[in-house]
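Next up is a structure, given as structure tokens.
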Amino acid sequence: MDRKFIEKVMTASEAVEQFVSSGSIVGIGGQTIGRCSMALAHEIVRQNKQNLILVGCSMSISMDLMVGAGLVSRTECGTGNVESFGATMRWRRAVEEGKLEVRDFSHLSMAFRFLAGSLGLPFMPTKSMLGTDLISESGVNSDSYIVMDNPWQNNDPVVLLKALNPDVSIIHAQKADKYGNVVIEGFKTHEIEMAKASTHVLVTCEEIIDSDEIRSDPSLTTIPYIYVDAVILQKWGGYPTSVYHHYVHDADHISLYQKVARVGGMEYQKYLDDYVYGCKNFDEYLSKVLDSSSKNSLIQEMDSLLE
Amino acid sequence: MSDKIHEYLMVIEAARYISDGDVVLVGTGLPMVASLFAQKNHAPNMCYVVESGLIGPEVIPTPVSVSDPRVMNKAINHGTLISALGEILHRGLADVGFISGAQIDQYANVNSTVIGDYNNPKVRLPGSGGANDIATHSRKILIIARHEKRRFPEKCDYITSPGYIDGPDGRKKAGLHVYDPDINVITDQCVFEIDKKTGKLFLAKIMPDVTIEDVKNNTGFEIIISNSGPEVVLQPTQNEISLLNNEVDPTGVYLKH
Amino acid sequence: MDRKFIEKVMTASEAVEQFVSSGSIVGIGGQTIGRCSMALAHEIVRQNKQNLILVGCSMSISMDLMVGAGLVSRTECGTGNVESFGATMRWRRAVEEGKLEVRDFSHLSMAFRFLAGSLGLPFMPTKSMLGTDLISESGVNSDSYIVMDNPWQNNDPVVLLKALNPDVSIIHAQKADKYGNVVIEGFKTHEIEMAKASTHVLVTCEEIIDSDEIRSDPSLTTIPYIYVDAVILQKWGGYPTSVYHHYVHDADHISLYQKVARVGGMEYQKYLDDYVYGCKNFDEYLSKVLDSSSKNSLIQEMDSLLE
Amino acid sequence: MSDKIHEYLMVIEAARYISDGDVVLVGTGLPMVASLFAQKNHAPNMCYVVESGLIGPEVIPTPVSVSDPRVMNKAINHGTLISALGEILHRGLADVGFISGAQIDQYANVNSTVIGDYNNPKVRLPGSGGANDIATHSRKILIIARHEKRRFPEKCDYITSPGYIDGPDGRKKAGLHVYDPDINVITDQCVFEIDKKTGKLFLAKIMPDVTIEDVKNNTGFEIIISNSGPEVVLQPTQNEISLLNNEVDPTGVYLKH
């Protein structure tokens, strides 16, 4: 949230250094195997930011990577999910071993918490989660919700969800201009509300576009510059997840990640060493895992789906 | 009849509960493929809605994820999670909500959060996602799952998504606005249906070549049978099989070929 | 709210006959001198629907016309305003003469009431209106709000605004397809939330487009077909207010309207007789007030602003 | 100095309270023209926000309405009322909120609803619009109005938009999150400013050629003057005058030429 109309283009390294702190509440963009903010997740791991609280809806391997690197003290989300590739395995193990605090919500409830945050409201009401263990289980979420009676109708309990304002959100988008006007194409999940609720927003993008393009079609701007602190040009910044209009997910690399995440230990550590700590930036990681022919095939598969 | 055909028929039978024109909140996994089958087979004017914000796409086979470009194809709106789960589902406009789950109990409650104790889990599962919202707000709920004994316990270890909770008034007592939805659970062995008088699932249909005994042996809760006994699930036609094989899941993403 | 994917093209007369009843709560689209739903307002007057409750944000001459025709028992809005042309004069006089019940809210509060309605929520919280007569005056609004304490913070009163779900909303848009997928260009004010909160939605548009156009750019759909009951092709359907990309407002005709609305009585009645009751439809009204040269000048002025 | 120049200077002086880079919630009427002057004169990087949903336009002279295509020009977003008044203003991101009003009282409360009794009005005015929201949530509030005695009563007939309500703690007691905003009221005779210790307006500046006596005669509430006495409003430069005349309001929509 740098409200000024100034140029905000920087590197991922600069952005994470400046806006992510140990202890930060970090909003996680993307969903399952689509448009995850992988480049920024790598950079946060590289910079070893500790005791993070990760919040989002469907959190996937960007979250799992930070959990696997031992940086996360709590997650608040709807799922830890890599779809057909399974659960987020480092997260799952950490929860099973009691090493990670989790607060479970439904996806809509998480989105409503961000909506409240984005509107400066203390809370949002919902009728979701009533009657289930999501609100009765052990009271772990109890500082995030209360149940009240609908003042206009008898016997109509309503859940009030406390607003959630991340310290910083990380998002990968298709386009942004240098001032931080962001265009997300395709599904937008919870990211607009989450970004607008956040104190800082860091955006990697496949392409930096001229502001004239934004101003010539102002209905397309998904996040205006007043919410955005850093714009990072990072082609393939969502890899190995898919980015609509650019490339599909890389099933091979996701499977490789899931394999080492399932095993954990030295094998997982080697993945981190080879692909995160051992790379000075995301481009170096990309150069290790993607040659031009695999790039082309991921691009071509996307193209084939776009007609 | 082979297991493979039972799997096929599970998807086809589930799709039969979707009518043309229905607004369907489609959860990830098997619901995506069954809903796509419905769209291609008999419900071309259904509105396929995916929680990530995709409304009314003409789905390209075979989507593997709620973020898959295949469910963005020719959508009428690329919106937000709130567009889908808020303005359609929570607003009360979903005719059908379609989910899966790791455990389904006799009241049609679904667990997708944890096996064992929440605070000391045996297996931590992915969590609710949109499933809680879908089961809470849809006027009709479809649940699809492969039939295994451990999937059908008497009581879920954790209720992620509400069925009838603990009886016929369970949803009403909890304050849910949709307090007596139709619920059907479609497996590769049978179809359970909610008896609104008891709030419990009963055995409404059975797959061809499957016996009631088979279902009993593979189910952790008591099998209730109506006086008329279960119907037999309609055999798939050759057209249905070939549609599923060739146009809905041609590469065998969900179903063995 | 006809959720079915069917063709919904009809005439304004058919739409009003089918979906507007005496006693209806009618949501009013547009704002001040922009994109007001004039053709549908004329048709409602022509069909003499009585005891209407009109709700919206900045309600302008579409509202004033229905008030002037004696059809309105209550308004709930933020303003009755024709900007530099003055207040909505028939509304103003009716309020001053005690003939019309009004419930005053801030614009954001009205939009939040529609937001609650669009999400199926019983209410929305806000911090607006506190400390002012908008919530203390005579309790007239008191069935629409309550003040509660923020459960997470001491001494932090919060206004709960009751959800508002119109029976039917009337909106003029630039584009729609025959199924009711609507594209609004330029400002969108409260209309998206209002439409999604409404039981029925009637949309006039400058142009009916092919559904392929909607499906080729699904980020542009402002109101999906599942909320819409009637699509009416009505060029100049926002006249004399402006429609972005099509024509500017007609200051002369608005001034004429304001003149007779200020005077009331026979002069106002004559306006209604000549331009509403005396016309079988909106096109006949347009043919009385707009020749091709005045049309051209309103179009050209808009064009000159679009570069 | 002529009335005309005082009118010009009112607009120019109001604009001086907008800094480059500010996010400004611009109400309709005079605030639109003064904010446009600021954008063209010294604040090219301000974010001009209009309640109808328009964010960051490069405004074309001279907008007459919040729905005017001139405030849509090259915007960075064409959004909704909630985009502007919710996600920016209620969220707490408005540096400046800029409104007008029919009555402004000594606590800088503004009435734009009714003259006389609410239930038996003498004159019914348009109502709040976004003004209540703007005055509630902006960190700095600008109010612009032509100086007439009836516009400046001791107490508003109706408080539409909160100033300091009834004293220094008025906003805090009412529960407003912005409980001690700067407030400036800019007229064609003077500038009032909020004294945060008393919650009352004092005479901070006076227009050239206007006397304190003039202001007293034209104001319904007691004129408070600081020890140092009012400053004199800086004369407009020739550049400012010609900018206003030629590029901000060239056809005299708001200001007599």
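Letters are used for the chains, namely A, B, C and D, taken in the order the chains are written, and counting of residues starts over at 1 for each.
Here is the rule we use: contacts are C-beta pairs under 8 Å (C-beta built on N, C-alpha and C of every residue); 3 or more make two chains touch, one makes a residue touch a chain.
No experiment lies behind these values; they were computed from the predicted model shown.
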Practice task
Could you quickly compare A-D and C-D and let me know which has more C-beta contacts?
Solution key: C-D
Exercise for the section: Would you indicate which option in A-D, B-C or C-D repeats the interface seen between A-B, with over half of the contact pairs matching by residue number? Expected result: C-D
Practice task
Averaging only over C-alpha atoms, locate the centres of subunit B and subunit C and give their separation in whole Å.
Solution key: 40
Handout entry: Chain centre separation (subunit B, subunit D; CA means) in Å
Key = 57
Exercise for the section: Indicate the whole-number Å distance between the mean C-alpha point of subunit C and the mean C-alpha point of subunit D. Expected result: 28
Fill in the blank from the handout: For subunit A, residue numbers touching 2 or more other chains are 120-121, 126-127, 156, 158, 185, 219
Completion exercise
Within subunit D, the set of residues that touch 2 or more other chains is 72, 78, 82, 86, 90, 137, 177
Problem - subunit D - residues contacting subunit A, complex - result: 21, 23, 45-47, 55-56, 58, 72, 74-78, 82, 86-88, 90-93, 95, 137, 177
Handout entry: Touching residues on subunit C, where the partner in the complex is subunit A
Key = 116, 120-127, 146, 148, 150-153, 156, 158, 160, 162, 185, 219-220
Problem - Complex interface listing, subunit D residues touching subunit C - result: 28-29, 50-54, 60, 64-70, 72-73, 78-82, 85-86, 89-90, 109, 113, 118-133, 136-137, 158-162, 165, 170-171, 173-177, 253
Handout entry: subunit C to subunit B touching residues, read off their complex
Key = 1, 3-6, 118-121, 181, 196, 211, 214-216, 218-219, 221, 224-226
Exercise for the section: Report the residues of subunit A in contact with subunit B in the complex, numbered from low to high. Expected result: 30-35, 57-58, 77-81, 83-84, 87-88, 91-92, 95-96, 98, 104-109, 111-112, 115, 126-134, 137-138, 155-158, 185-193, 241-242, 244, 248-249, 302, 305-307
